[in-house]
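In the two complexes below, chain A is the common chain; its partner is chain B in one and chain C in the other.
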Partner chain A sequence: MNPRMNPRHLLTRGNVLGAALIAVLLVLPQLATAFFVNFVMTQTLILGLAAATIVFLATYGGMTSLAQFLLFGVAGFMFGNAAQEAGSRGLNLGWSPWVAVAFALLVTLAAAFVLGAIASRTTGLYFLMLTMVYAVIGYFVFAQIVEISGPGGITSIQRPDLLGPPVRLYYAGVLLSVLAYLGFRAVGRTAFGLALQGVRDDPVRMASLGFNVRLHRTLAFTLAGFVAGLSGLLNVWWNGQIDPASIATGPTLILLIIAVIGGITSFAGAWLGAFVYVWVFTYLRDLPLIDNIGITEARFNTVIGVIVLVIMVLSPEGLTGIVKRLRHRVGARTPAMPGPASGGSPSVGKRTKELGGTRT
Partner chain B sequence: MAHPSAAPSERDGPTPVVRVRAVTVAFGGLLALRGIDLDIARGERLAIIGPNGAGKSTLFNVIAGDVTPGEGSVVIKGVECVHRPSRYRPRLGVARTYQKARALAGLTVRENIYLALTGHRGRHLALWRSSTDRRTDEEAAEVADRVWLSGQLDAVAGELAHGQQRQLELGMAIATRPDVMLLDEPASGLSRGERERLVELLESFDEDLTLLLIEHDMDVAFRVAHRVVVMADGERVTAGTPAQVRSDPRVHRIYLGTEAPS
Partner chain C sequence: MSGLRRRTAPALSMAAALALVTAGCSGGDDSSGLPADQQGSGATAAEGDGVRLGILGQCEGPFGGFHEDVVAGTTLALTRFAGATPNSSTSALDGFSDAEAAGTPIELVGVGCGDDTADRVLQEVRLLVEQMGANVIIGPLSGDEGMAVAEYAKANPDITVFAGISGSQEQTLQVRAPNYFRFYGDGAIWNAGLGDLLYNEQGWRRVAVIADDYSFGHTSAAGFIADFCAVGGDVTHRVFPPLGTTDYSSYIAQLPNPDEVDGYFWAVGGTGTQSALEAFINSKGDVTGDQHAGNFFFNPDLAQALGSDIAGAHIGGFATLPGDVRTPEIEEYLAAADATWESIPGSLSGNEPAPPSTAAAFGFFYGYYTAGVALVEALEAVDGDISDVEAFQSAISGLTLDLPYGDISLDENRSGVVDVGLSRLAVDDSGEIVQETVAVVPGVDQSFGGTFSPETPSPGRDFPACDERDLPWEGQAVPVVDGVPQS
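Let's look at the complex of A and B:
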C-alpha cells in the first residue's frame, strides 16, 4: 500500500488545520454578521483567488505577473456582454447565464494563451514590465471600444439564479478557493508542475534536456488566467457591474500587493493578504480617533503602503513567513519529537555541507 | 581503456555522428570561430583544447544548439541542426553538461534526474500525470548510484557541494542514455580525488558512446580522449592522438610561447 494513501499519514498538522479552517468557513454564515460574510469574506475570497494565480506563476514559474487583474476583468466584461439582454452598454447578446459563463471563460483562456505565448520569451523584470503593458493596453481596450464596454463599463449585471442569495456567492467563493488552493498545490506534484519548476530554476538547462520552455510558460500563464477568470466572474456577480477603472494599473498593483502581504511564495498567503487588505479598507475608518491623526479614506493606500513596508522589513516572505517563523520558534522551545528521518530535510543538507566532500 | 593506434581523420571512413562544416561565429566585431570543420566518429572520444579565447566553448555551444552560427552547417546523425534550438538535441540522442554546474537548484537530486529522464520522452505537459512513477524512480536511483549520489537523492541540488553538483550534472547527461555526450570542462573545480573518479566514470561508458569534451586539465583530456583537436583564435591549429599533440611544437608555442623541449 502506498504510504501516502494511509489514513494516518493524512493526519498531519497542516491537513487538520486546513480541514478546521474549511469547517469554520462553512459555518461562518451562522456565526458572523451578514455584512462580514457577504462583504468582507466574499471579497476576500474573490481577491484571494485572483492573487493565488500570481503566487502560482511566481512560485512554480518564477514569473511575477501584473496581467492577472486584466484576465479577471476580461472574464467579467465578457460575461456582461454575453448575459445582458438590452438597455446596457456592450454587445447585449442576451445569452443564458451559463452559456455566458462558458463564453467568458473561453475568451479569457484564449486571451491568456495569446498573452502568455508573447510573454513567454521574457523573464524577470522584463516579464513584469510586459505584463504591466498588457494591463495598460487592456484598460484602454475596454475604455475606448464602446461596443464592448466604454469608460462607464457594464452595469446591472445579474448573477445566475443558482447564486441568487448573497450567501451562495460566498459559498461559491469558498468552493472555488478550496479547489484552487488544492489544485495549485497538486499541480506542483505533476509532471507539468515539476517541469515548470525546472524552467523557473534554469530555462537554458531545461531546453538542453529537451523541454519546450516557452510552451511550459505559456500553458502555466493560461492556467493561471483561467483561474483569474473564475475569480473575475465571482467579482462581476458580487459587484453587479464592471468598468475599465476597476482593472486599471492601480487595482492591478493592489493585487500584487495582496500577494506580497501574504507571501508571494505561499498559496495560503494569497487569501491571508486579501483578508488583511479588505479588513483594513473596511474597518480602519471605525477605529476611534483615526480621523484625528489624518487618516481619512483618501489615505487608505498610504496605510496599505506602510503595512507592506513593515511586512517587507520584518519578513520578505510576507505574513506567512512571519507565521512560519513563530511556529519554528515555538517548536524550538518544545522538546523535539523523535521521528523517522526524512530525505531532503535541512539537517541532511547541513550535514552534506559540513562534510563538503563527495562521499556519503 | 585502450586507445586506437591511429586516430580517425576527417573526410574519410564512415559517416561521422557529428559533422561541422565551415562554421563561423562573430560576436560583434570579434570572430570567435573562423570557418571551422570538425568530424566526430561514432564511439570516438574527442577532446578540444586551447588557450582562453580560442573558441572552444563557442564551437561546443554551436554543436549543442545554444549558439547559432552566422555561417556553416552542423549535421548530427544526418540531420541538419544548425537552426534547430537546443531542445531538439536530446531527440537525436545528444546530452550535454555545462562548465558551471547548472543543476536545477530548487529541486532535489531525484527531481533533477527525473527531469533529465522525461525531457526527451515527452509526456511532461500532463496535468493529470504524477511527476513520479516506480519505473522513473528506479531509473533515477540507478543513475544516482552511477555518479555516487545515491545517498543524496532527496537533497536539494542547490545545497550540494560543488563536486556533487558536477556529479549530478553528469548524472543528468547519463540519464538520457545518449549516443553523443558533450562535456564542457567536466573536471573544472574538482579535487584530485574527484578527478580520478571522473576519469574512471568517463572510461566506464559504453564504447559506442561518442564523447566530445572541452578540458583545460590536460591530464584528464589526454587520458580520456582518442583524438585531441587544438584550437587557437577561432581556428583549428592541429589534431591527432594525445601523444602526437603532446609532442607538437605548435601546441607548446600556443600554450607556453616556447618550442617543445627536445
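Let's look at the complex of A and C:
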C-alpha cells in the first residue's frame, strides 16, 4: 500500500487544521453578519485566489508576475462583453451566462498562453518588468478600444441565476479557493511540477537534460492565467462592473503586495495576505481613537505600505514566515526539518540567483 | 511535502483565528443580524427611526482636495434647514449633530473615501450601506463613480441616493434607477447654450474640438457639439488625447490652423488645460481669446501662464455662477456658509483655512448642498415619514428646489433641469483676468431636444453626430450685463 494512502499519514496537524478551516468557512454564513461574509470574506477569497497564482509562479517557476491582474481583467471584460444583452458599451453579444463564462475563460487562456510564450525566455527582474509592461498595455487596450470597453468600462454586469444570492458567490469563492489550493499543491508533485521546479533552479541543466524550458514556463503561466481568470469572473459577479482602472498599475501592485504580506512562497499566505488587506481597508477606520493619531481612511495606503515594510524587515517570507518562526521559537521541543521538500518553496538564497538576465 | 505542511499549518491557523475574531467583532455592526445565508441580495440598510446618512466624497485621487468641500456642502444645507450643528468650526469632516427635519432625525453615519475609480466607490458605498446601515446616500463626486453608484442603487431599492456632483450623463439617462436623484446638471448640460452663443453672437461656423479621452471629456464635448451643430455650426475636427497626457504636441498637430476654423472648443481637464494650450502656442502661434472656448477647467488661473491674450475666451457653466453675479439669495447663501464655520480648508484655497464662502461659491460644494436641501425638503414633503420608501422617493421626484443659483426640478429620469451660466474671460480695471457672466440659459435638460436618450449610445469619440435640430433653449438665453440678468 502506498504510504500516502495510509489514513494515519493524512492525519497531520496541517491537514486537520485545513479541514477545520474549511469547515469554519462553510458554516461562516450561519455565524457572521451578511456584511462580513458577502463583503469581507468574498473579497478576501477573490483576491486570495488571484494572489495564489502569483505564489504558484513564484514558488514553482521562480517567476514573479505582475500580469495576473491583467488576466483577471481579461476574463471580467470578456464575460461582460459576451453576457450583456444591451447597454451603451461593449459588444453586447447577449450570450447565456455559462457560454459567456466559457468564452471568457477561453480568451483568458489564449491570452495567457501567448503572453506566457513571449515572456518565457526571461526570468527574474526581466520577467517582472515584462509582465509589468503587459499590465500597462492591457490597461490601454481596454481604455482605448471602445468596442470592448472604453474608459468607462462595462457596467450592469449580472451574475448567473445560479449565483444569485450573494452568499452563493461566497461559497463559489470557497470552492474555487479550496480547489486552487489543493490543485496548485498537487501540481507541484506531478512530473510537470517537478520539472518546473527544476527549471526554476537551473534552467540550463534542465535544458541539457532534454526538458523544454520555455514550454514549461509557458504552460505554468497559462495555468496561472486560467486561475486568475476564474478569480476575475468572481470579481465581476461580485462587483457588477469592470473598467480599465480596475486593472491599472495600482491594483496590479496591490495584488503583489497581498502576496508579499502573506508570504510569496506560501499558498495559504495568499489568502492570509488578502484577508489582512481587506481587513485593514474595512476596519482600520473603525478602530477607537485611530483617527486621533492621524490614521483615517485616507491613510489606508500608507498603513498598508508600513505593514509591507515591517513584514519585509521582519520576514521576507511574509506573515506565514513570521508565524512559522514564532512557532519554532516557542515550541522548540518539536524541531523542524530544515530545507524545502518536494512541493515546497525555494529558499531565499536559492531565489536570489533568479535575478539573472534572459535565459533559454 | 512535510516542509510545506509545516509552513502552511500556522498560516491556516492564523487565518482561522483572525476570521473568527473579526466575525465576532463584526457581529456588533448594524446589519440586520440575520446570518448571511438568510438574507437576500437586497440585504442592506439597518431599519432605524430616522435618516442614517452616508456622504460619498473623495479623499484620494485627482479630486481628493475637494473632500472637505463636498462634506461641507451637505453640512451647510442641514445647518440652514435642519438645525444641524457642525462638530467643528474649522472643518466639515468632523461631522454634525442634532440635525432634524419634519421631526425626523438625520444622523451622519459615515463619510466614504473614494479615489475617482468606480471599484473604490462601490466598496465605499457598500461599507456605508451594508456595514454602517446608511439608508440615504449623498454622493458621489465624479462621472464613472456616478454610474457605479446608480447601478448599486438600482440593485438596492431600499436606499435613496442624491448624487453629489458626478457629471456623467448615463447615471440618470441610461441607468434610470428609481431611487437615484440628481439635483444638478451633467457634463453636457454645463456646455448648453455655448454653441448657440458662439454661432449667433460671435459668428463661429466651423470649430475644432479637443477633449480628454474619457467619459467626462466625451460628455463635455458632446454637450457643446450637440448645441453648436443644432444651430447650424460644423465641427470639422475631433481630437481626443488620453487622460494624463503631459505632452500634447502630437494632438495639437492634428488640429487645424487658426485660419482654417473659426474657433476651438477645449474640454481638457486639470493640469492638462494649461499644458495643451501651451502646446497650442508652440505649434500654432499665440492664443487669441476670441477664438477659444472651453468647459469649466478653462478659468482665470490660465492667465498666469498664458498671459492676458486668453481674455475673450468663452466658458461653459458648472452648477454655480461666476462671482460677478450677486443676487440677494446668493449673498444670503454665502453669508450662511461664513456663519457656519470660521474657516474651511477647501480645495480652492489650496486646502488651507479660508472663508467658507470661497468653497461654497464653487460647483463641488454646491452640488452636495443641493442634495442636502433636497433631502430636507423631501422629508418635509412626507412629514418626516420615511417608512414608506416609495412614497418618500416619489416625493423627491416631484420637488422643485428654490436654490440660490436658480430653481432646479427633475426630469422623468430624475436628473436636474437647470439654469446654465455662460461666461467669458475678461480683463478687469486692475488688469487682472476675471470670469464675467455673459448669459444664463434657463431650463436645460439632458436630452438636448432628443440628441440624447436612453436608446442612444453614450457620448463618445463619434457621438453625437453633427446634426441640425431644434433645441428648446435656442435663442432663450438671458443676457447678463455687469452681473445682472437682463430678464
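By our rule, the second predicted complex is superposed on the first by the 331 of 360 C-alpha atoms of A that agree within 3 Å, B and C clash if a C-alpha of one lies under 4 Å from a C-alpha of the other, contacts with A are read in each partner's own complex, and residues count from 1 in each chain.
Quick note on the criterion: contacts are C-beta pairs under 8 Å (C-beta built on N, C-alpha and C of every residue); 3 or more make two chains touch, one makes a residue touch a chain.
Note that the structure is predicted; figures quoted are calculated from it, not measured.
**Student:** Classify the contacts of A:W95 with the two partner chains as first (chain B alone), second (chain C alone), both, or neither.
**Tutor:** neither
**Student:** Determine, under the contact definition given at the top, whether A:F113 touches first (chain B), second (chain C), both, or neither.
**Tutor:** neither
**Student:** Return first, second, both or neither, reflecting whether A:M206 touches chain B, chain C, both chains, or no partner chain.
**Tutor:** Only chain B; A:M206 stays clear of chain C.
**Student:** One more residue to check, A:V323. First (chain B), second (chain C), both or neither?
**Tutor:** second
**Student:** For A:L194 in the superposed arrangement: first (chain B), second (chain C), both or neither?
**Tutor:** first
**Student:** With both structures superposed, pick whichever of chain B and chain C touches the larger number of chain A residues.
**Tutor:** C
**Student:** From the superposed pair, tell me which chain A residues show up as contacts to chain B and also as contacts to chain C.
**Tutor:** Touching chain B in the first complex and chain C in the second, residues 189, 342-344 of chain A appear in both lists.
**Student:** Residues of chain A touching chain C in their complex?
**Tutor:** Those in contact with chain C are residues 12-15, 17-18, 20-21, 24-25, 28-41, 87-89, 140, 143-144, 146, 150-153, 155-156, 164-167, 170, 185, 188-189, 239-241, 243, 245-246, 251, 262-263, 265-269, 271-272, 275-276, 279, 281-283, 296-298, 300-301, 319-320, 323-324, 326-327, 336-337, 339-345.
**Student:** Which part of chain C faces chain A closely enough to touch in the complex?
**Tutor:** Residues of chain C touching chain A: 1-16, 18-20, 22-23, 25-27, 29, 31-37, 39-41, 43, 59-60, 64, 67, 113, 117-119, 122-123, 126-127, 130-131, 143-144, 147-148, 151-152, 155, 168, 170, 174-175, 213-215, 242-243, 457-458, 460-461.
**Student:** In the complex formed with chain A, which residues of chain B make contact?
**Tutor:** 64-66, 85-91, 95-96, 98, 102-108, 111-112, 114-116, 118-120, 123-131, 148-156, 159-161, 163-164, 167, 172, 176, 194, 197
**Student:** In their shared complex, at which residues does chain A touch chain B?
**Tutor:** Where chain A meets chain B, its residues are 187, 189-195, 197-198, 200-202, 204-213, 215-216, 219, 223, 342-344, 348-349, 352-353, 355-360.
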